[in-house]
Structure formats: structure tokens, C-alpha cells
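Structures incoming, each one as C-alpha cells.
What follows is chain A paired twice: with chain B in the first complex and chain C in the second.
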Partner chain A sequence: MEQIIANGLYLGSQYALIALGLTLIFALMNVLNFAHGQMYVLGGFVTYTVYAQLGLPFIVGLLASATTLAVVGALIEKFLFRPVIRKSHREESTMLLAAGIAFFLDAVILLVFGEKQRGVPKIVNGVLNWDFRIIMPYDRILICVLTIFFIAAFIGYMQYSKTGRAMRALAQDKVAAQLMGVNVARYSMIGFALGAMLAGLVGGLLVSITGVNLGMGGPTSIKAFMMVMIGGAGVISGAIAGGLILGMLESVGLSVLSQYGDITYLLIFVSLIIFLAIRPQGLMGKPWG
Partner chain B sequence: MSRSKQIIGVAAFLFGVFVLVPLMIKLTGRWDFYYTLTSVALLSIASAGVWLTFYIGRINIGQGAYALVGGYVSAILVVKYGVSFWLTIPLAGLICGCLSILIGLPILRLKGVYFAMVTLVLTEVAKLTALALPITNGAKGISSIPLPGAISIFGLTIIPDFSQLASTKLAFYYLAVTLMVLSYAGLYRLVHSRIGHLCRSLQQNEELASSIGVNISYLRVIAYSVSSFLGGIAGAVFAAISQSIYPSSFQVADSINFMLNCFLGGLGYVFGPMLGTLVLYFGWDLLFTTGKFQLLIYSSLLIALMLALPNGILSLRLFNRKKAEP
Partner chain C sequence: MKRRNLLKSMMLAATASTVIGFSSLSALAANETLKIGFVGVTSGPAAAWGISNVRSMQARAEWINEIGGVKIGAKTYNVDIVTFDDQKDPKRAIAGMEKMAQEGIHYVVGPNVDDGAAAVRPVAEQNGIMYFPYAFPKSLYKAPASNAVLGMVANYQSGPAIYKYLKDTKGVKKVAFVAANESDPLSQRDGGVAAAKALGLEVVSGNITYQVDTTDFTPVITPIIRLQPDLLVLSGVAPANAPQLIRSARELGYQGLISTETAQDATVLKEGAGELANGFISVGGASTPEIASDAMKEFVTRYTKMFGEYNDESNTKVYALEYILETLKANPAAMSDVKAFQKTMDTFEAPNPYMKGDAKLKYVGMTSFGQKRQVAVPLVVNVYKDGKFDTLFVAAVD
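And then the complex of A and B:
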């Protein structure tokens, strides 16, 4: 029992961090970022290169992947999303663009890093064993703590910094924020960069445990979409709640339903559809998005 | 466009697809084009369904689910129950249509991104269900589906047995293209009927439409089930062509591609998805020669196209005409 909860917390904190980036981008620009999973994979590969191949400390790898992704995100917003949003008749057109970017990042990752599964050496050795009730390697605990720290830092940033306030204002009401003198173009770019950076951070963190490969992008995007839907799109607390709930469900499902084969995800998906039919805006979202 | 011009256009299109293309292929000897064109025709049927959901203002990324269901329905009926393939095409469509009414009633209340994400999840659900159910044979799928048999009325053979034909490719090409023409004709008729105009009112403002007395929940379920019907038909024929169906036959990537086809062709035009499918599928095939750079070039072109023409390829034509008129 304790083991299941610990696993759920560990999974959930990572999921929450992924979902935060996605929901931030959605809240600011009303863009469903299909490329989020690919950004996550790219972050993993950057950390892998810096940490495993160049032999620099892990934290440098993390910083490198965060910076890379922030720059990539800012460029994507400025040169791709902004012109398309301005010119298109329907806002759904950004989905095609996002899908195109997802393919593009996949191609770049394939060409630069190859298609092999990559892993890095463990950052901390040893296993925590609490009376055989909770068994968890130390590196997982470290990653979990780091993730929670990043989530807290992100919330603090959104809550207390000037940039964070501006972004929250934008998410609430774009026109009103603009009238109050918020530079929409600038903060959209910062927001996109921040969202991409979070994806990169998670990628960098997780490469030390699960490794990274090219095929992880798509499924990660779908999981992130689900978390955002559970919590309510564009709401920060919702993303965290969604991430934790999905992590817990997965952890419980995999241990309780393991004898029935691979039906955990089927059940999660079906219950999600039923949940959304009853409560379309998710747990904490605004009605009708 | 005047009426006579329209008729000439349709006649030219029909002539092109049914006579010119097979002739060209015979002359050039590129028989492999048949398979490509057949796929384009089938995928454009499924994309037409997605387009119809766009027409009522919903983003549908779940067409892969219905294509998969259609494929399985047809395959199971043919292999396990010995039903004629020709009967399974409408049956697959109908079952998908009924299924989509059940699913659509609750989820069509969702809007925008929420609907998009639920339909995306639906594709995964279909795949996982196909893996879990005993009748679908799990990951092994159903293979060696027999080729379509003959149809004859009063001893007169209308459609010959496919396995006795010299070229099954040509036969499947005709089948797919005929279905495509019928689907698009039906879609065109639907869009330009009273229901079609009402659907357009949903796309613009549902609340306003319902306040004037449009039964919006009825209309959107109808549109969604027609959309799924098309997806089911496409899936059924696809299973027959490849003579097999697996849970991975239609995946999330396929659902996204259906959506991309619509975007690329242009959401404001009935024939947009057909053009979009043709361009995307052929573009992908032509880039095959570039080897490992295929995906890179393809996605760059996609992004560039989106930057240049965010409203679809067919918006180019509209743009020209508007310029010419004043």
C-alpha cells in the first residue's frame, strides 16, 4: 500500500511538471501544443549529451536542456505561431502548425541523436528500504524532490514576480491585460519559452531514470493532454492535480489490475471520457474552456 | 460559378479519375501508383468525415477509432461469419454511425480543445479495446481476409470475383474511387442542403442558433454520425485491400493525419480534404527518395505551407477570385 502511494507520488510529480508547461502555453495562447512530448524528448537528449557524453555534472546538463528548450520555444513562438495566429481565419489552424512542429522536432532528433534508446549513469547510488514497506532507489527520491522543488519554484514565480503576474493577467483576459499595458507579444513569447523550458527540465530529470528514446514524444503528449483535461485546461492548480491523479491511477492500476493484462490504460481512458461527459471543464477549469 | 461550368468541372473530374488515370498508368507502366491512389481515395473518405465535424465547429482527432472499428467489423463479419464483403461495407458504416451516436451524445457537449482531446483519447481507446477483446484476436489481429467475392443479380454478374481478376489493384482502385465520388457527392449535397446551412450556424455560434430554434444537439449528433459512417466505410475497404487488420492499423498518428488533410485543403471547402489528402500522401511518397531526410523535409514543407497559406490550399483560389472581381 505505502509502496503504491510512493510510486504514485513519484509518477504524479513528474506528470504535473509536464502538464504545467502544456497548460501554461494553452492558457496564454489558446494553442494545444502537440509538440510538447517532442520538446520533452529533446530535453532528455540534451541532458544525455552534456552529462553522459561530455562528462559534465548532471546539474549542468539540466541547465543546458532548460536553456536550449527555452530558446527553441521562444523562436517557435516568435517565428511560427505568431504569424499564423495573426493570419488565420480559424484558431484551430495552430493545431496543424503544432503537429508540423512535432514532426519537425522528431526529424531533428532522429538526425542529430539517432533512434537508439539512451540512458545515463545513475546520479546517486543506493536504495531506500523502509522495513520492506517502501523500497525506492535514492535517485528516484532525488528526482521526485527536485521535481517538487521546480513545481514550487514555478508557482512562486507565477504568483509573485512581475512577469508571472502579467502572464496570469493575460490568461484571464487578453484584452483587459492589453488595456492595462501588458505587452501581449512579449509575454506570449516568454510564456511559450517557459512552457517549453519546463518540458526540457522534465526530460532532463527523467533521462537519469527511464532513459530517453525517439518514440516517447507522442505518448507523452497524450498523457499530458489527459492531465490537463482532468484538471481543467489553462489552470495551474488543475495541471498539478491532474498530474497527481493520473500518476496515482497509473500506480494503483498497474499493481491491482496487473493480472488482467494491459487494461489499466483502457480503464483510465474510458473513465476519463465519462468524467468529462459529466464535468466538461475538468476539476478546476472555467466552464467551456 | 455557373451551373454549366460546374457540370463540366464534375464531368472532367470523373473522366480524369475513371479513364485518364488508368490510361496514364497503363502507358507509363507505374502499376504501384494504383495502390497510392487507392489509399488516397480511401483516406480522403475518412478525411471527409473529419471535415464534416469541422463544419459544425468541432475538431475531430478520433476518426482513426471509427476507421479501426469499421475495419474490424468488416473483417470479423467476413472471416468468422462468412458475410459477403459488399454487405459489410454499409454494415461497417452503420455500426460506426450507431456507435458514434452513443459516444457522441455525451462528448459532443464538449467544445474546442476539450472535444479535440477526448476524440484523441478515443483513438487510443479503440486500439486498446482491440488489443483486449477476444473477438479481435489481440495484437495478432485478423489476417488473410479473403478478397471480395462476386455480386450477380438474376445471373448477371455486376461485380466479378476479385480473386479471379487479372489485376486486383485496378479493381480496388475503381472501388475506392467510386466510393470516394459517392461520399463527396453526398457530402456536397448535405452541406448545400437545409441541414448543411444549419450546421454552418453551429460553427459560428451555437447559443445563438439554439435561441432561434435550431435543435443543436440533434444536428451535431447527426453530423458526427455521418462523419463516423464515412470513417467506418474507409476502414472496411482498407481492411479488405490489405487483407488484414491489426490494432495498430489506425493509430493516433492516422487520426492526426486525417485532421491535417482537412486543414491543408482548407476548412471552408467541401473538396478541401480530397486535395489535402492527395498533396500530403503524394508529398510523403515523393520524398521517399530523400531517405533519412524525408521527415525533416516533409515537416518543414508542412510548416512553410502553414505560414504561407494558413487557411488551406484552396483559399488560394478564393483569394484570386476576390481580387479579380472588383
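And then the complex of A and C:
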């Protein structure tokens, strides 16, 4: 049981960090960013290049991933989403744009980094073995701690910084925020860059555990959407709760139901359908959006 | 005078360039184009399988074209590879095969997976296309199926050989299987379980599966490790997943053997699992330093030069195109008549350029399929050690 909980917490923390960026972008711009998974993959490849290929410290790789994705996110918002949102009031326009960006990033990643699975040397060696009740490699523990640290830092930033307050105001009521002097265009761009940066950061963190390959983008986006739906779209605490719940469900299901074949995700999806039928706004979302 | 000389020289130069230009044009024009298709997966987690196919074909085609083309009957052809990414989706595989039919292509390499290969069968048979899948269902190759030719060694041919070897030499008694929840790995797992039982091995776990898009395998592997098998078989594992599965198992304290019947990539294993992958047993590309000919070495050099990095799987994937071309050379009537191709397959034999000695290219499969619907490539079983594969044993399939 201890192992199942440890696995669940580890998975949940990384899922939560993935979902945070997605929910932030949704909250600020009402955009379903289908390219979130591809941004995660790009972040993984940047860390791979810096850490494994160039031989620089892992932390430099992480910083490079975060910076690259922040820049990519800002450019995407400024030159792609902003004009589309200005010209079209139909939500599907931004959805199609996001899907197009996902395909574009897939193609770029294939061209630049190739089709193969890539991995990096372990950042910490050794395995914690607590009497065979919990077995957890030290690098997973470190990544879990770093993930929790980044989540806490993100919450702190959103809570106490001027930019964070402006973005929260924007998420709550765009018109009111604008009337209060919040520069919508500027903070939308910062928000999108921050969301993309989180995707890049978690991609960089997890490349040391799971490696990275071109095909990870789509499934990562799907999981991130599931977490956001569980927790409530556009709610930061909801994304964290959604991530932890999904991680725990996955860990329990894969351990307890393993002898029945791969029914864990089947049950998760069935539960999600029933849950959304009862509470379509998710755990912490508001019915009015 | 000087001016006249200058004019003369200019006219001579112009004539010479025209002659040279026309002669090169006519040399190019002399060769017709032979289109060979590829329908398979070149994106997503299993992309390495299809990309090694495409790149092998492209490297070999460029090599052939560079030395003047391939002579089939009275004509010489340049080889043109037409590719289609089916994204491991059977519907797209059908679309790909239809595209090949529309382009008048009669010989196609791929698809890479079971459901794709099964899906394209009607299209291939209706349109007179011979195709070379890397998929294992016997129904594709047994009569009345006629147009598919297995491009590699199947898991039900390699699995028993590996398990027997490990039983005899390493004392393996208990086996556990883990597979992705999709058709290929599941059918390979079922075949593996049957083969292990037939050898008298105890199968301690045969039904644990994982989602295709799993990235963290620790929760998947945890229940298996508790059963303490002597051998953990990663049935049909994609190259992208193998290092993560190995790493999770080893980090959870598993000390036994780990094997698979699919081909893997040494660089991917090194990067993804490092020294934890040492001892991992897999089916390798159909070449080892001991049996590789100079042609195979040149192919590896050309491939590496063209694409920057070699893939050991291409030692197997280079064969399909060679078989197609050599069979067409043996019977030029097969250029547009696959029935003629099929007839030739029964007696076809040609020197194997990729192996030392007097090895032959020939079609096999009588034991498994009752008809010759498999290319003969060596069954090479490798063990991974410190970033490269060492040969464990080499066998043949009849």
C-alpha cells in the first residue's frame, strides 16, 4: 500500500504541474491549448540537448527549457492567437489554431530532434528502499520535490506578485480588469508564456525519468485535459487536485487491477463520464464558467 | 586574328558543353524509374520501426542509382521510393496502399504492425500488389492469402529459440510477460506464453498490460516484480518504451533476466536506461560483425552518412528491397505481374550480398505458413552491454 501511495503522489505531482500551464492559458484566454503536450515534448528535447548532448549541468537544461518555451509561448500568443482572437469570436477558431500548432510543433520536433526516444543520464544515483515497503529511486524523489517546489512557487507568484494579481483579475473578469487598468494584451502574452514555460519545465524535469519522444505530445495533452476537467477548467487549485487524483487513480488501478488486464484507464474514463454528468464544471470550477 | 581565334574557341566550348549536356541528359533519360512503395509508421512512439525501413530503402536506392541503376531484363531502372506514413492506424494504412495502387506500384514494403498489415490485405490482393509487412499474424501468409511476404523473423520463431536458450544456459524456470494493450504486443505475448508453456516453463504472470502512451512504468512493473520471475519478457515492446520498462524493473530491485522478441536500438537503451540495460536480450538486426559482408558495412556507412545515425534494425530492414529487386531480376515479367513474382518465389535463389560466405537470398516459411511467404534473414539474438549489442547466438528459420 505504501508503494502505491508513493507512486500515486509522484505521478500526481508531475501531472499537476503539467495541468497548471494548460489551465492558466484557458483561464486567461479561454483557449484550449491542444499544443500543450507538444510544448512539454519540446521542453524535454531542449533539456536533453543541453544536458546530454552539450554536457552542461541539468539545471542549465531546465532553465533553457523554461526560457525557450516561454519565448515560444509569447511568440505564439502575439503572432497567432492574438490576431485570431481579435478577428474571430468563434471558439473553434482558436481550437483549430491550437491543433494546427500541435501538428506544426510535431513536424519541427521530428526535423530537429528526430524520431527516436531520447533519455539523459541519471541526475542522482541510488534507490531508497524502506524495508521493501517503499522502493523509490532518489532521482524520482528529487523530481517529485522539485515539482512540488515549482507548484508552490507558481501559486506564490500568482498570489503575491503584481503580474500574478493582474492575471488572476483577467481570469475572473476580463472587462472589469481592463477597466481597472490591466493591459489585457500584455498579460495574456505573459500568461501564455508562463503556461508554455510550465510545460517546458515539466518536460525538462521528466526527461530525466521517462525520457522523451515525438509521440508523447498528444497523450500528454489528453491527460492534461482530463486533469483540468476533473479539477475544473481555469482553476489553479482544481488543476492541482485533478493531477493528484489522476495520479493516485492510476497508481491504485495499475496495482490493484493489474491481474484483470488494462482496465485502469477504462474505469477512469467511465468514472470521469459519470462524474462530469453529475458535475460538469469539475470539482472546483464554477457552473457559469 | 585574335578575335577569330576567340570566336573559334567560344564555338568549340559551346559545342563541347552542348554535347556533354546532351550526353548526360541521354544517360539520365536512358534509365526508367521503378517505383517501390513504403506504407508504415514513421511518427509516434513506434516511429523508429518505420523510419528504419524508409531510411534503409532510401539509402539503398540512392546507392543503386549512384552506380547506374538496377538492370531488370533489357532495361535499367533508377529506384524511386514512394513513402506513406500510416501513423500506425489501419485506416491510414488502407489509404496508403490505395495511394500505391493509384501510382501503379506493385511492390510495397510494410506495414509495420499487425492490424495495419491485415487491413491492407484486400487492397493489395485486389490491386496486384505484393507487400512485405513486419507483422506476425500467420493468416497473412498462409493460403488463401497470397500477396504478403513476412519481412523478418516472427516472434513465434524467435521466442521459443530464446526461451530454450535461456532455459538451457541460465536455468530459467519462471517467466512473466508484460505487453502494451494493443494488437501486436498482445498477440506476441499470447504466442510467447504458449511457447513458454510448451517448453515446460512456469508462467507466473501473463496478463499484465500497459497503455500505449504510458511514460512512467513503475506502477505497471511493481506487481510483476513481487512475483520474482527468472525472466521478464517485454512482449512486442516499442523501442521508445523498452528503456523505461527496464529501468523501472531494475530500480525496483529486479535481478532476473529481461528479454524481448522485437528489435531495439542500442543508443536508445543507453540513453534511457544506461547500465541498467546491461544484459537485456533482444532480437537484433540481421547482421553481426562476424557475418557482415563488405556490402553490409558499406550500407551502414552510407546510411550513417545520409541520416547522421545508424539504426541496428536496418540490418534487417535493408533486405526487403533487395529481395524485391533480385526477384524482379530473376523474372522481369514480374514487373507488372505479381503472379509471376509469386511463381518465381518458389524457386528463387540469389547470392546474399549482406552476408559473408555463400549465404543465399531465398524465400522460406514452409514450416510456419505452408508456403514460401517469408524472406530468409538470419535470426540474430543480441545481448545489450555498455552501449552496444553483443551477439548471443545466430540461427536460421526455414
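By our rule, the second predicted complex is superposed on the first by the 287 of 289 C-alpha atoms of A that agree within 3 Å, B and C clash if a C-alpha of one lies under 4 Å from a C-alpha of the other, contacts with A are read in each partner's own complex, and residues count from 1 in each chain.
The rule we apply is simple: contacts are C-beta pairs under 8 Å (C-beta built on N, C-alpha and C of every residue); 3 or more make two chains touch, one makes a residue touch a chain.
As the structure is a computational prediction, the values presented were derived from the model and not from experiment.
Participant: Name the contact category of A:Pro57: first (chain B only), second (chain C only), both, or neither.
Facilitator: In the superposition, A:Pro57 touches no partner, neither chain B nor chain C.
Participant: Examine A:Gly211 and indicate which partner it touches, taking first as chain B and second as chain C; both and neither are also allowed.
Facilitator: second
Participant: So, A:Ile273: does it touch chain B (first), chain C (second), both, or neither?
Facilitator: After superposition on chain A, A:Ile273 lies in contact with chain B alone.
Participant: Using the superposition on chain A described above, determine whether A:Ser255 touches chain B (first), chain C (second), both, or neither.
Facilitator: second
Participant: Considering only touches as defined above, state whether A:Asn7 meets chain B (first), chain C (second), both or neither.
Facilitator: second
Participant: Between chain B (first) and chain C (second), which, if any, makes contact with A:Asp106: first, second, both or neither?
Facilitator: In the superposition, A:Asp106 contacts both chain B and chain C.
Participant: With the two structures laid over each other on chain A, which partner does A:Tyr265 touch: chain B (first), chain C (second), both, or neither?
Facilitator: both
Participant: Find the residues of chain A that appear in the contact set with chain B and again in the contact set with chain C.
Facilitator: 106, 110, 218, 222, 261-262, 265
Participant: Could you pull out which chain A residues touch chain C in their complex?
Facilitator: Residues 3-4, 7, 10-11, 52, 106, 110, 114-122, 127, 129, 132, 135, 137, 140, 206, 209-211, 213-216, 218-220, 222, 250-251, 254-255, 258-262, 264-265 of chain A touch chain C in their complex.
Participant: Touching chain B in the complex: which residues of chain A?
Facilitator: My answer: residues 26, 30, 32, 34, 80, 83-84, 87-90, 92-93, 95-97, 99-101, 103-104, 106-108, 110-111, 218, 222, 225-226, 228-229, 233, 261-263, 265-266, 269-270, 272-274, 276-277, 280-282, 288-289.
Participant: Going by the contact rule set out above, which residues of chain B touch chain A in the complex?
Facilitator: On the chain B side, the touching residues are 54, 59, 103, 106-107, 109-114, 116-118, 120-122, 124-125, 128-129, 131-132, 252-253, 256, 259-260, 263-264, 267-268, 292-293, 295-296, 298-300, 302-303, 306-307, 310-311.
Participant: Can you list the chain C residues touching chain A in their complex?
Facilitator: Within the complex, chain C touches chain A at residues 42-48, 51, 181, 207-213, 215-216, 218-220, 222-224, 239-241, 243-244, 251-253, 265, 267-268, 271-274, 309.
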